[in-house]
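Pasting the structures in now, so scroll down.
Both complexes shown next keep chain A, but they swap its partner, so chain B is in the first and chain C is in the second.
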Partner chain A sequence: MSGAVSKIELAASFPTLRDEDWKYTDLSRPIAIAQQWLDSGSNEQPPDADLIDSIKAAADAAWIVIANGELLEASSTGLQEAGIEVSLLSSDEPAIDVPLANLNTQFRTGGIRIRVIEDRLDQRPIGLLVIDSAAGAPVMSQARVDIELDERAAARFIEYHVSSGDDEHYSNSLIRLNLAADASVEYLRFQDRALHHSQTARLNVRLERGSRLTHGGIDLGGRLSRNDLKIDIAGPDAVATFNGLYVAGTGQHIDNHTRVDHRVGPAVSDQEYRGILSGRSRAVWNGKAIVHRGADGTDAQQANHNLLLSERSEIDAKPELEIYADEVKCAHGTTVGQLDERALFYLRCRGLDESRAKRVLTRAFAATIVERAPIAELHELIGERVEQRLRELGDAS
Partner chain B sequence: MLNIENLKVTIGDSEILRGLSLSVKAGEVHAIMGPNGSGKSTLASVIAGHEDYVVTDGTVRFKGADLLELEPEERAREGIFLGFQYPVEIPGVNNAYLLKAALNAKREHHGLEEIDAFEFLKLAREKMAVLGMDPKFLNRGVNEGFSGGEKKRNEILQMAMLEPDLAILDETDSGLDIDALKAVAEGVNALRAPDRAIILVTHYQRLLDYIEPDYVHVLSEGRIARSGDKTLALELEEKGYEWVREAANA
Partner chain C sequence: MSTESEHLESIVNRRYEHGFVTDIETESLPPGLDEGVIRAISARKREPEWMLEWRLQAYRQWLEMTEPEWAHVHYKKIDYNAISYFAAPKSDDDRPKSLDEVDPKLLETYDKLGIPLHERARLAGVAVDAVFDSVSVATTFKEKLSEAGVIFCSFSEAVENHPELVKKYLGSVVPRRDNFFAALNSAVFSDGSFVYIPKGVRCPMELSTYFRINAANTGQFERTLIVADEGSHVSYLEGCTAPMRDENQLHAAVVELVAMEGAEIKYSTVQNWYPGDEEGRGGIYNFVTKRGDCRGANSKISWTQVETGSAITWKYPSCILRGDNSVGEFYSVAVANNLQQADTGTKMIHIGRNTSSTIVSKGISAGRAQNAYRGLVRVMPQASGARNHTQCDSLLIGKECGAHTFPYMEIKNPTAKVEHEATTSKISADQLFYCRQRGISEEDAVNMIVNGFCKEVFNELPMEFAVEAQALLNVSLEGAVG
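Here is the complex of A and B:
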């Protein structure tokens, strides 16, 4: 335990509501958890073996299990996988100078490095199972992964977040993903944490010439969930496609911040996030695209659509385009609304009762993102979890 | 089958139907014509159960029961089908899913078992062949990215699958080229049966060249101004709607 860290120093590692990027997301709860963990907590929590087994049974992947921030070797099936090298991350990896990344650097006790050498797109995905638990005392954990793809290497990844335990938990993960020229990644982040746990998760991506990222991010769980997806387009002809879905019910706060730096052109970034908000819930979507000077031929598209099932739910949606180049194609669109009355009437006229028609339309709104997500073999599992979550929310509202 | 008496309907502050009466028997095909704003589409929507329209007076009885008491989905299961003037696009809901859900909702209501998956596909393919529709439409989102003609064919496909007792086709001919019009008409004609009634709501006489009605009614200012056989449609085509209004007011 890092007992030498004072509470003042700890609080300085967190952004506050005064920071422009954090004005809608209050981290006072994670800070309190971090303080209690410093005082009395421990990361030596027994991992939830049943949960690990059920996920491994549901999805065939080369699993690398990270339990409360530490590699759980005994449960990991992906340490000897063909075409990749997995090692422990040394403590002197380059720093990322943003507050929560600093927090991760300061408190992480584990860390994994994955190098992809070959094209293994047609093989099973590499699964990062970020599993946390808190029993007996509040716990803070710091998962940390560095992924490098060699030139022309390709792989599929699942970043799967779950948690259990009655006490409070705060997870702050930091993942770096660097794609060398002509490398390719399909990446699915699925956040299905316990509803009383909180998380902040950062994925920093760097795309070199001709490389390609397809990303899908799905958030169902967590009391507070904040995702930062930062993509640096560092080489021409790179393509980044990323879509997201968040489903929130009473007491949940889900914040997605994306930022794409188009440093060179031509290159493409294309994102669509969708949210379904029910009860007293809140979501934030902030999509920033910066087209730097000289990045001609940039094509940056942003869309965010929200379905508000309750008058008490709230969305703060903000597209931000900063363009310093001449020849660019950029567009954004944001919508907030209820179910389409015309579609509801149409379905009822075909014999579906009102509640079923509403369910069908709500699921259809979510399904378009799930269907577009990478790792097709997980669509059924995710579709079922989305369905289950929507049913819970429907029952509660 | 359908008996409408002195029906008065408002939407917002305006009265659209002002005492409309109409009787449709099994086996009959009725065409309801009239200028824009005469209340044709309102009539179709009220029969289907659209909640924006308020019935202030009159009765609508379907197979002897009070239709106005029923929710739209109950009317559908009882055998009423509305073919929409503007079929709604529903991305994320697969066409086959909707067809099957609609069919099973009706079957369940009538105490029948759910349709078996193979039987369903066989039936859908048969009906699609009649309408000249590619089977791949089954796996697309409902009306998603369909052309105008494809949307109307899709409405007729749903009707053919559901085999309603009373079909109301609201401006099904609008926006169709001649091939689509013929295909749609063929689909409708295939459904003509002694135990089924069809109401065609249309602005133009053109559709009636392909689907021959037993009766033609002309709506004007929220009432049926004139009724007759198919020759009335031809007369209308020649003399225009102004003629009916003048005759009604005279």
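Here is the complex of A and C:
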């Protein structure tokens, strides 16, 4: 796998702050982890079985467990699920030529392919549990999943990221999701990592004619977390809806980059990301919509709203539009601020004390995204985790 | 659809109105750039030693820098050694003291441009410091200004007569090594304008300069420095047209504004450089660094620009809101047609407390042009109570043009309130139909819609400029239907 790669070569395969797409996210910590991992060899630790069990108990899904980048067959319950085929990914899968995807290709040891054959929207979701664990020395791992949906096939997915173990870990995941004509996917990515873990995660989606993606991304944990969501609209009448929520406290850096390529029209993309920042934290949101020549009838909407709750939090937001067609409807809006004073006043008039009123409004701000998240039966679980995280952060500040 | 393409063709075939060359002998330096050229420029302008040293340092810094490539524009690499860095009208040694002494051929040029300098200056009460190529040749209303204590002169004169002011403020807003083009300008700047408004003075008239490029292969590198001392007020107008040329002409200007406590500077630009022909041949490369520093509390800097010309525009008039309660504004209309490329916007850097900024950007793309808004709003940790509102709209006319938005927001203070909104639209068939039903011709309807789209910006322009800008826009988009 790693072959004769030197530490310097390894570091060179990471993007730097000089790369426009990485201007606000410093990968020196993941690089250090990767280099130490290269030095010290394998320190992967079997993941915490209790943690896996508790997640499986909390959410009913056909679970496919990926531990430190490899399929953990013993814990996986979704390998024989009806309507899907799960196999190991061969080593010659097509490359995605961006820096961290290349890193994944270079260093991955496992890889899973999932094919969805029929419409199973009304059945339990397919769960991808990405769990990483390091002990004794830092570890880097590469999770890799390829998902294909046949024509008119449909499925629901949970991509659940957690970590166990006391040492630092860096996880770099790469997931491809291809939807054939009229296929449909509901996809929830839930990142609830330990605060000493870093991760970069890429999801590349391709939408053919009439296909439909509803995506929700929730980021609560991790020291550094970067998500790249790239959606290629390759067929007309495709619809992509994606929303995200990030909650960060001291020491956390959460970066969401989305990019939609409208190659043909008519098609719709609609995204809304919301962030709550407290303590000494930083978040980045970069939404890019590219309407290619001839993609008439495109409707691309972007929104990003941020609540800064502390003196030392920072948000770097960049809603980008690149438009090469004229029959389009594109708009974006971004706001940064504090809680609405009038709303606070309203609640205080009704007898809530200030901290209570603030809590109510902060939760309402987050709830908008949680309620819109796909896979309704998980709303309660996620809502509880968001609530718990907000409480932790509230106690800290 | 066919009328649409006909109309588009008529835009494409529109010729540059102001395309001609005045046949005046110019005394140029041979193409190329080295320390010798800089010494020659400095010597020809009889500059003091410190000015030469400043230029040389800028040149040495420039040598270490690389040309930026991040803008959304594409052009053939510029050969900086193929450009002549100095051209002056021959009569440099005995410059005219009044309009009567001005070379009649120059005056003819202004006539062709529709700018009867003397008449217009008198009628409109505007002092005009006309830059023809690189050296100022006519300055009016100086006496009236000097009565008020206002210094308004060419940059060369300022270096000669007000060295203490120039030394104090030159490069204090745009440092020599700020960026590649600013460094180049700092090394070779030919001339420009200098304005100083003393404490508590409201400048008695609007100041205006007409820039013009006239000699083949000559880059023009103006340097403008405006200092508004405590409690003063000035409105500065800048407009430019350029003769038709086949070679690309490089224009790398630097504008520095300093507003002290309670001062206000309003800087308006109508830019109509030669945009190149239908195939994108020729046209000005307009790489400009414009920045204002709200140095004192309660100061205000307002940029208004109407950009219709240039093959390539690379321009981000910015405000550093250093003083508490200072205000920055940016109002822009950018029109790109044929193969024009514009990458323009602003930066608002909030440093002081309770600072506020407003950005209104209107981009119009037609033909095969690319028009990008690029902006930065940065709120520093100490800038409590900062407020920004950005509105950024694009109008597309035709199927082959592009409209892009790259707004950066970097917010490091929780009390900041920052809002950004952007929309993209075209002139819809419904809108046109509605107007035509009411007896308005298609062309008038388009003009009306476009002018309505730009109204917020035109409202910010001084009156006579607003009229000019509106006319310019109507000509630019003659008959265009989206």
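As a convention for this text, the second predicted complex is superposed on the first by the 392 of 397 C-alpha atoms of A that agree within 3 Å, B and C clash if a C-alpha of one lies under 4 Å from a C-alpha of the other, contacts with A are read in each partner's own complex, and residues count from 1 in each chain.
Heads up, the rule we're going with is that contacts are C-beta pairs under 8 Å (C-beta built on N, C-alpha and C of every residue); 3 or more make two chains touch, one makes a residue touch a chain.
As the structure is a prediction and not an experimental result, all values here were calculated from the model.
S.K.: So, does A:R259 touch the first partner chain B, the second partner chain C, both, or neither?
M.R.: Touch partners of A:R259: none, neither chain B nor chain C.
S.K.: Have a look at where A:S313 lands relative to chain B and chain C in the superposition and call it first, second, both or neither.
M.R.: After superposing on A, A:S313 lies in contact with chain C but is clear of chain B.
S.K.: Please indicate which partner A:H332 is in contact with in the superposed arrangement: first for chain B, second for chain C, both, or neither.
M.R.: second
S.K.: Quick check on the superposed pair: does A:D353 touch chain B, chain C, both, or neither? Answer first, second, both or neither.
M.R.: It touches chain B, and chain C stays clear.
S.K.: Regarding the shared-chain residue A:H379, is it in contact with chain B (first), chain C (second), both, or neither?
M.R.: In the superposition, A:H379 contacts neither chain B nor chain C.
S.K.: Is A:R29 contacted by the first partner chain B, the second partner chain C, both or neither?
M.R.: Neither partner.
S.K.: A:R152 contacts which: chain B (first), chain C (second), both, neither?
M.R.: neither
S.K.: Is it chain B or chain C that touches the larger share of residues in chain A?
M.R.: If we count touched residues of chain A for both partners, the winner is C.
S.K.: Let me test your reading of the model: by the given contact rule, A:L361 touches which partner, first (chain B), second (chain C), both or neither?
M.R.: first
S.K.: A:F345 contacts which: chain B (first), chain C (second), both, neither?
M.R.: first
S.K.: Considering only the contact definition stated at the top, list the common interface residues of chain A for chain B and chain C.
M.R.: Common interface on chain A, chain B vs chain C: nothing in common.
S.K.: With touch defined as at the start, can you tell me which chain B residues reach chain A in the complex?
M.R.: Touching chain A: residues 48-51, 71-73, 75-77, 81-82, 84, 87-88, 90-93, 98, 101-102, 105-106, 109, 141, 158, 162 of chain B.
S.K.: Over in the complex, which chain A residues touch chain C? Could you list them?
M.R.: Residues of chain A touching chain C: 20, 293-294, 306, 308-338.
S.K.: Over in the complex, which chain A residues touch chain B? Could you list them?
M.R.: Contact set of chain A toward chain B: 340, 342-343, 345-354, 356-357, 360-361, 363-368, 371.
S.K.: Can you name the residues of chain C that touch chain A in the complex?
M.R.: Touch residues, chain C against chain A: 70, 72, 381, 394, 396-426, 482.
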